[in-house]
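Structure first, commentary second.
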């Protein structure tokens, strides 16, 4: 077990109240595995990822929980120690490459900087390795791109450069936050191929955070579905898509237009809208929109029931789904 | 036999760039000689990636961006040749639903005012019937009547998009350009909006140009699909046909890029990553 | 039943006579109730203690007096009306309509959190009310000169709270009338400036292209003029009356606002709700007035508050130098100028007007800060998730 998260809670302390972005989630990621954290916008998945490496913007902070990476609790480390782990052992790919890359430095400089810092390489060595990395991520003419500034590159190239940056130190775990969302479909495919190739090459584990179930289907071994800050279903990918055991997951799958279904067929959809974090329904936060919801669901948020030894669902009525 | 409602011929929208004083004046050919036709009651899906010009095309048809050249025939009349004042009266019959639900409604206006504005301007109903018509329209898109006293910031993205649809419907248009109406919404809400559009298209006999980058979304709503790439339409066919038997290489690559939501069928892991065919520089 | 009705009537009568009491009795809108109660008390006190003035007003034709009188009458009526209405509603237990959450309501809620800004707003309002009611609050005629040698340069006392100046005039009363000048110049000049500036700038920004360039060139030329010398010139050419001051200050400041709002309009023009308005086919003027200006007005209001402060300063400065409004009309500026010579001997002559001037400007600046914080939508943290 490479990463083990236990009862993680991250809250935002606002004037209007306490926003429970991440409310008691627990999961684990094994070596060389791809685990996906799935949910719609505003479910807390990005904050969950940022919590792992202590990058939550204020007024938020991790309130409780343990994050074991290679046996060490990351949350208990000093800032200095955390900085050493970040980048070297855990790579992070952000959503908007144009915003994650520093616009005033060349792409090559930024990657080489990381290599010099974490791997102790000299300037020339770092430059060579950077060019090699850029080429490996599929960027054509890497020697030229080394000297390019981020804004000169297209979106897909920027993302590849960002990925090169993230894997430069051969991290054990790569956290990818919506790596394909800002990109065109044809570019998207290239990035997915790249990630899977790199994973195989470097024996990395990937924690994938996304709302795109298509990407998840291509990449993930296991999936965790998040809703209003909590994990509502946790199961192997094949099981989730074939036999979802939570009404929200089922609704999500029914909402996706699938190619080949023919024209003019109405989609299923989920009635209502995602509730405001500061005004969550009591008990199971999904019950107002749930077809199986009844009075019992209103009392307390269901814990993760074991459907079988690999599948868990936070629903009192999971057997009916 | 349905007649042709909208027909576009030789449409070009070029944007000049570069300084006029120094250097060469270049043009961006956003829409480069486009031609197609939509029959009344049909839904034409326009698919393309960013930079393909599909958004510009949608706006050019409505003259929100003035095209450089070409003809746009609405019910047989070339609307590009009309004077702005004459066109203003036709405008109400060609409406648009925008992409960003958070920017599409005036934050300072009540929902009631937002929907009533076009009603009053085009004199669709007598003044004393305005409120009841607003309620009717809100109900049509599945919203409660009392919502009309609220302001846009009190609503979620999906709800705002419904309001935008209600606003477009208030003018009883024959033709609607839906410019990526669901791209900014969550998946579950996407499905709701698509269902609403499907239903309304049937009940109001709307003719829709549905623009999107998501082929699967377009398939669920369109009768015919046109594929756009770098300003030109590279292929156009009936939905089922295009998806099953694509001809143009770009169409094929688009279809290949659509990820199917099935973990058992995956792309093979590449042994080596080669330089991709995607654009490198901006 | 009859007793209850009579009781109700008694309460209503009480609300009529002593506005505000109703609120407190029923614990409804107590904040409003306190304000109304205070207001009505003040009005009552004024009428009782200054009955002579009240009578005098009916006889004289002075504009100042009538302004004060009308103001008292209107505010009294308003307070009575509010008091009776709310008391009545409490009695019959009317169901309250849910408050509509306009963006303005949201902004004012944010504004209220800023205690400093709220205090400034109060101070400003009180200053304006005092200025309007000057005829009733002044103890002496600000221009009255009698027994100069005996009454000149008297230090602050009970009879002359601010002392007297070199001609024996009561400085407290002069300060009150001076407030009228300064505050009205500030407010009206700014109103002129933002009205012209907003219309001009939004038209330029909306149409863009050649029209925009042309209009903005004119603005640029205007701004390039050093304001101070421009003011000097204009004041020299036209005689410095209050009206002239207002017009001059207003007409020299509108280009700044125009530039400002042009920027706002340029960005708002690209927003989709503007495109939607065009798609509907709305005429240009509707789009500008209904869609663009209301959304772009917030920073203009903030800068307006700052501009009032600087207008008051400009007027005071010009009067101080002797080229603005001349004595005997009192303004804070020329009062300070007169007190300059006697600063060591009779400090009160310059200090009080100066102090009030500083306090007024500070209040407007703090108000501007508060407005800016209130209008600036705080980062929507939710988007992060």
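Chains here go by letter, A, B and C, matching the order in which they are written, and residues are numbered from 1 within each.
Quick note on the criterion: contacts are C-beta pairs under 8 Å (C-beta built on N, C-alpha and C of every residue); 3 or more make two chains touch, one makes a residue touch a chain.
As the structure is a computational prediction, the values presented were derived from the model and not from experiment.
J.: Which chain lies at the heart of the structure, taking centres as C-alpha averages?
T.: Centre-most chain by C-alpha means: B.
J.: Top contact pair of chains, counted by C-beta pairs?
T.: Greatest number of C-beta pairs in contact occurs for A-B.
J.: Can you compute the centre-to-centre distance for subunit A and subunit B, using the mean CA position of each chain? Integer Å is fine.
T.: Computed value for the inter-centroid distance: 31 Å.
J.: I'd like to verify one number: the distance from the centre of subunit A to the centre of subunit C, where each centre is the average of its C-alpha atoms, in whole angstrom.
T.: Here subunit A and subunit C have centroids separated by 54 Å.
J.: Would you mind pulling out the distance in Å between where the CA atoms of subunit B average out and where those of subunit C do?
T.: 49
J.: Return the residues of subunit C touching two or more other chains; collapse runs of consecutive numbers into ranges.
T.: In subunit C, no residue touches at least two other chains, as defined above.
J.: Indicate the residues of subunit B shared as contacts by at least two other chains.
T.: There are none in subunit B.
J.: Going through subunit A residue by residue, note those that touch at least 2 other chains and give them in order.
T.: Within subunit A, residues 41 contact more than one other chain.
J.: For the complex, which residues does subunit B have touching subunit A?
T.: Residues 49-50, 156, 158-159, 186-192, 194-195, 198-199, 213-217, 219-223, 239-240, 243, 253-264, 266-267, 269-276, 278-282.
J.: Under the touch definition given earlier, write down the residues of subunit B that touch subunit C in their complex.
T.: My answer: residues 59, 62, 64, 88-89, 91-92, 95-96, 98-100, 103-110, 117-118, 121-122, 149-151, 153-154, 164, 167, 171.
J.: With touch defined as at the start, can you tell me which subunit C residues reach subunit B in the complex?
T.: So the residues of subunit C touching subunit B come out as 100-103, 106, 271-273, 275-283, 286, 290-291, 294-295.
J.: For subunit A, which residues are in contact with subunit B within the complex?
T.: Residue positions touching the partner: 40-41, 136-141, 145, 148, 151-154, 156-157, 184-190, 192-194, 196-197, 200, 211-218, 220, 237-238, 241, 251-271, 273-274.
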